[in-house]
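For reference, the structure I am asking about is given below.
Chain naming follows the written order as A, B, C, D, E, F, G and H, and within any one chain the residues start at number 1.
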Amino acid sequence: MNPLVGIIMGSDSDLKIMESAAEILKQFNIPFELSIVSAHRTPKRMVEYASSAYKRGLKVIIAGAGGAAHLPGMVASLDTLPVIGVPIKSSNSIDGWDSILSILQMPNGVPVATVALNAAKNAGILAAEILAISDESLTKKLVAFKNNMKEEIEKKNGKLEK
Amino acid sequence: MNPLVGIIMGSDSDLKIMESAAEILKQFNIPFELSIVSAHRTPKRMVEYASSAYKRGLKVIIAGAGGAAHLPGMVASLDTLPVIGVPIKSSNSIDGWDSILSILQMPNGVPVATVALNAAKNAGILAAEILAISDESLTKKLVAFKNNMKEEIEKKNGKLEK
Amino acid sequence: MNPLVGIIMGSDSDLKIMESAAEILKQFNIPFELSIVSAHRTPKRMVEYASSAYKRGLKVIIAGAGGAAHLPGMVASLDTLPVIGVPIKSSNSIDGWDSILSILQMPNGVPVATVALNAAKNAGILAAEILAISDESLTKKLVAFKNNMKEEIEKKNGKLEK
Amino acid sequence: MNPLVGIIMGSDSDLKIMESAAEILKQFNIPFELSIVSAHRTPKRMVEYASSAYKRGLKVIIAGAGGAAHLPGMVASLDTLPVIGVPIKSSNSIDGWDSILSILQMPNGVPVATVALNAAKNAGILAAEILAISDESLTKKLVAFKNNMKEEIEKKNGKLEK
Amino acid sequence: MNPLVGIIMGSDSDLKIMESAAEILKQFNIPFELSIVSAHRTPKRMVEYASSAYKRGLKVIIAGAGGAAHLPGMVASLDTLPVIGVPIKSSNSIDGWDSILSILQMPNGVPVATVALNAAKNAGILAAEILAISDESLTKKLVAFKNNMKEEIEKKNGKLEK
Amino acid sequence: MNPLVGIIMGSDSDLKIMESAAEILKQFNIPFELSIVSAHRTPKRMVEYASSAYKRGLKVIIAGAGGAAHLPGMVASLDTLPVIGVPIKSSNSIDGWDSILSILQMPNGVPVATVALNAAKNAGILAAEILAISDESLTKKLVAFKNNMKEEIEKKNGKLEK
Amino acid sequence: MNPLVGIIMGSDSDLKIMESAAEILKQFNIPFELSIVSAHRTPKRMVEYASSAYKRGLKVIIAGAGGAAHLPGMVASLDTLPVIGVPIKSSNSIDGWDSILSILQMPNGVPVATVALNAAKNAGILAAEILAISDESLTKKLVAFKNNMKEEIEKKNGKLEK
Amino acid sequence: MNPLVGIIMGSDSDLKIMESAAEILKQFNIPFELSIVSAHRTPKRMVEYASSAYKRGLKVIIAGAGGAAHLPGMVASLDTLPVIGVPIKSSNSIDGWDSILSILQMPNGVPVATVALNAAKNAGILAAEILAISDESLTKKLVAFKNNMKEEIEKKNGKLEK
């Protein structure tokens, strides 16, 4: 099945964070692709990736990066797809602030949908919410997912009360 | 026409920021509604608003708030629509940090698509990008919008070189 | 005995912090209840919990949460009881700043009595101080508690001087 | 009528912020006293003030201070009343961070109920919530106050929709 | 004369800061060019600019940008010239932190020579220092420039002592 | 010999940091005393300590504290001796910011000579520098101390060059 | 009379802050000198100034600087006098953080007695406290100064109570 | 061969970070020297080092330091060579902020080319880029270095896709 979501990251060291995005998409049965595309080390590949994303049928891009995290914003500047940015607290990051601010504070005209630090799972859920706009079955899965979260808390509460 | 985007904000003092979201949606010809829904002053109205949003045909919610900005996250917890959060630098805010972190740092399971401080215009563009997934004509408008930005820079460059 | 203090937290992972509140209330012989109520995963349960708290005889609510910590503020918006907020430094928190600012920076009209990062013990003591306003025996226990702290320091000082 | 709430502040320059606490207490008909008590310039007066507060019939102390704001914490260490701390963004403050952290981050054993930066109004409301524990008429006033906030938002919403 | 330094900036609103770089280069008689190249609004122009810079004879690039400031880092990734980054405190910037961290915290392999917030003048001086490595006459000018700074302070000191 | 320097700290857990102050004073042969004096747990003892310090012959006070660190400032408000404040990064501190700002940002009229985070050794050296003003032999020891630091670096340099 | 205190600053733009140090020294009748000594623009003059300070009879140095504020620390490294550092919030400073951290966070062996942001007045008082160690008449003046502060607050309190 | 780059650091504990600069220079076959020069412990040696650097044939200086990191800025003030500053996150540093701001925020007239926290490797690459301005063979090595980075990512991508 053609991938609808492209998950990209600046370095293979980001994979341990970004695979949570892949896992949740699998859980929602959304086809995706996963690659390393570095804004700084493979800038031309990044331009090609972003420029061809729409034509290749991608609907949403999830981009994770740490430090001076330029990947999500650059990809957003190169296409018209919604881009979800995942700030990653890499080694030598300044507590994640660098990566959060580099992704979040985009100028007028080029938004990046930023999620919490290291929150690749939430990036995956947000992608599902976006795709659900034109896919009712996905909305049902999201409703079930939310019910499940609720029930887990209720179970834990049951244990706690004992 | 039925609104596709709901723009909400915690206080009428946020309107001067949030109206940029409305303007850009108008520019893209996307029907929207605009209301004040305060997580802290009208919590039950907020629950109703969010719980009925899907049924009322909304596809995306844009929520702006300042300080301990709970509106975007609470609305995200109450429905399955993509919620775009706009951190607002209100008076007595601590340089906007409070509102950014209150909106961005959502727990696993409940994402908010956060944009830059005061960036309501980008929230509107992001909503357009999301809706464009199932509306090709909107993609074309976004392409035109990006071309227009490019041309404006080129014009300014022309002036500068003189 | 009917609980006077409700201790709630957003996740069972917060329990290791929040149980210090329970311990100090036990020490002061104040009846309390303990539950997991997540603003984001069980928002409707949270509304019910807060809306019924006064009727159920609760006098003070202690709410702990990490990250984009909306629980204390939302509970404060839903009742008129004093709400004590405990910012928790959860994993992926940005050094606790997110949780502090999300709890502290409440808008005019809806205060949260915020204590230090992870300071659930102090939340319990503050609850005791609040209840002591109409319970002189509790004031005596608080005086004894303070004397005890003083004496411990004096003992440590004795050792140090040797 | 004997004051139930003591409002103190470190300097007369804090008065323009702290008078919001006085106003809201007046609105709730709660008797209060207002004085300047500086931890650093009148430390002995501060010790006397705090040590005699309980005997003089005070039930709650609201203490506002800026910069290295020691007043709320020192007063909390000298009595067993609930102390509400108001961080004030004074001139030469570092964006209010100094005053927030000096008030909030109290050690175990000595809590200060901290409210938002400059939020003296919320300090007054919190004092009312605390006193309402043993005064049902005050609870009714708080319910009315909250309803009023809700209605104001609804009115503004009505205007906005036009 | 062929420009040796390329001064670029993300927006014409950055010009009031960046013209200090131009002024100091003029003062040192170093030929330069000045253009608006936006990483986010003209990404392909940026790729062309950076890719052709070496061939066109540029020796140093000075790039200024605010907010999520990707221009300096992206240009550095696209050529092998030394790139000097000027963080600019634009409107809606978070006190300049976003722009500093987006420029400074580049990953291993792609350095940006970052100067202080808004310090376009220092960027120009640094460019002169770099060019002086193979141009002794420039070193002499830099020595004179430093002497001049010293003498100005001595003059001011003379006045002060009176 | 009568102590000239009083080293105090808010808790015995601060001892592992503060003993470096004691060690350096020993090294300079300056008589000192060491005690636990908590601003928050033994406020009255603190008042007595500070009020009697001058009469007891102390010349300098070194006060270390973490979190909402009120000890140095309160002691400074209670006497006219120079007070050196050592911010300590205690557990649950917010990276030391709380303790630095609580000690440093004293209001006009009541200075605290603040040293770096955890820098009790430097507090001891500063005390020696202060006492050296009227004790030439101490100046000589300080000169020797500085020479020693220089020589150690030269030795390390020697090793490095091999 | 021979100056006992040297007040230095990095730039004449710092004078409007640093003159408060001069004023308070005048008030205490302490002879002082005032000069501009820039660590970065007159580094050799700075070395001479600091190296000769002790011989010229200076007892204390007060050094104010903004941004990357190296003057206090460098002067401290070049002599054995107590050096009081005044962080100045200059234009283009990042809210004063740069100057605070550059002055405060000195390495082991070379302390700087740092006072609050812009707190040149407190630097002057601290210098007086240091000189008072061997000058009882100065201690008396400091006691009077503190009494005066106390009385001013009492007067303001009197007004407030009316 | 005469060293072209001088690598200096404030303390031997910085060596584990700074040796990455040396390694990359070796890889590019650029002759360098390595020494410990402390702004605070060997200030006069620092003055000599910087004052003689140009005459000794150095073209670029790389200076690493932690905490109140004055070495890069002081060296920049003492010569006209380009100085690359490496902020180091030393123990007791405040998350690296102190060292970043002390190096970056230099006043007008005296730039330091600052690289990311702990990024000594990037300092080495930047030195190579600077030297490449008048050494075409070095430019070729830099192009090869960048190609190599690109290929490594492509290899990792190949693995990932399997």
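What we mean here is this: a residue touches a chain if its C-beta (ideal position, glycine included) is under 8 Å from a C-beta of that chain, and two chains touch if they have at least 3 such contacts.
The shown structure was predicted, so the numbers you read here are calculated from the model rather than taken from an experiment.
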| item | value |
| --- | --- |
| Chain H reached from chain D - shortest hop count over touching chains | 2 |
| Those chains which touch chain D and also touch chain A | B, C |
| Repeat of interface B-D, chosen from F-G, B-E or B-C - more than half of residue-number contact pairs shared | B-E |
| Same or different residue numbers at the chain F/chain G copy interface, by half rule | same |
| Interchain centroid distance [CA atoms averaged], chain D/chain E, Å | 49 |
| Between chain F and chain D, distance of the C-alpha-averaged centres to the nearest whole Å | 34 |
| Centre distance in Å when chain A and chain G are each reduced to the mean of their C-alpha atoms | 52 |
| Whole-Å gap separating chain A and chain B, where each centre is the average of the chain's CA atoms | 18 |
| For chain G, residues contacting two or more additional chains | 11, 41, 67-68, 92, 94-95, 97, 100, 104-107, 109-110, 112, 116-117, 119, 146, 149 |
| Complete list of chain pairs which touch one another | A-B, A-C, A-E, A-H, B-C, B-D, B-E, C-D, C-F, D-F, D-G, E-G, E-H, F-G, F-H, G-H |
| Residue numbers on chain H that touch chain E, as the complex places them | 54, 59-60, 80-82, 84, 100, 104-117, 119, 121-123, 125-126, 129-134, 139, 142-143, 145-146, 149 |
| Chain F residues within the chain H interface of the complex | 89, 95-97, 100, 116-119, 146, 149-150, 152-154, 156-157, 160-161 |
| In the complex, chain D residues that touch chain F | 10-11, 39-41, 43-44, 47, 66-68, 70, 73-74, 76-78, 92-94, 97-99, 101-107, 109-110, 112 |
| Contacting residues of chain H [partner chain F, same complex] | 11-12, 15, 34-36, 38, 41-42, 45, 67-68, 92, 94-95 |
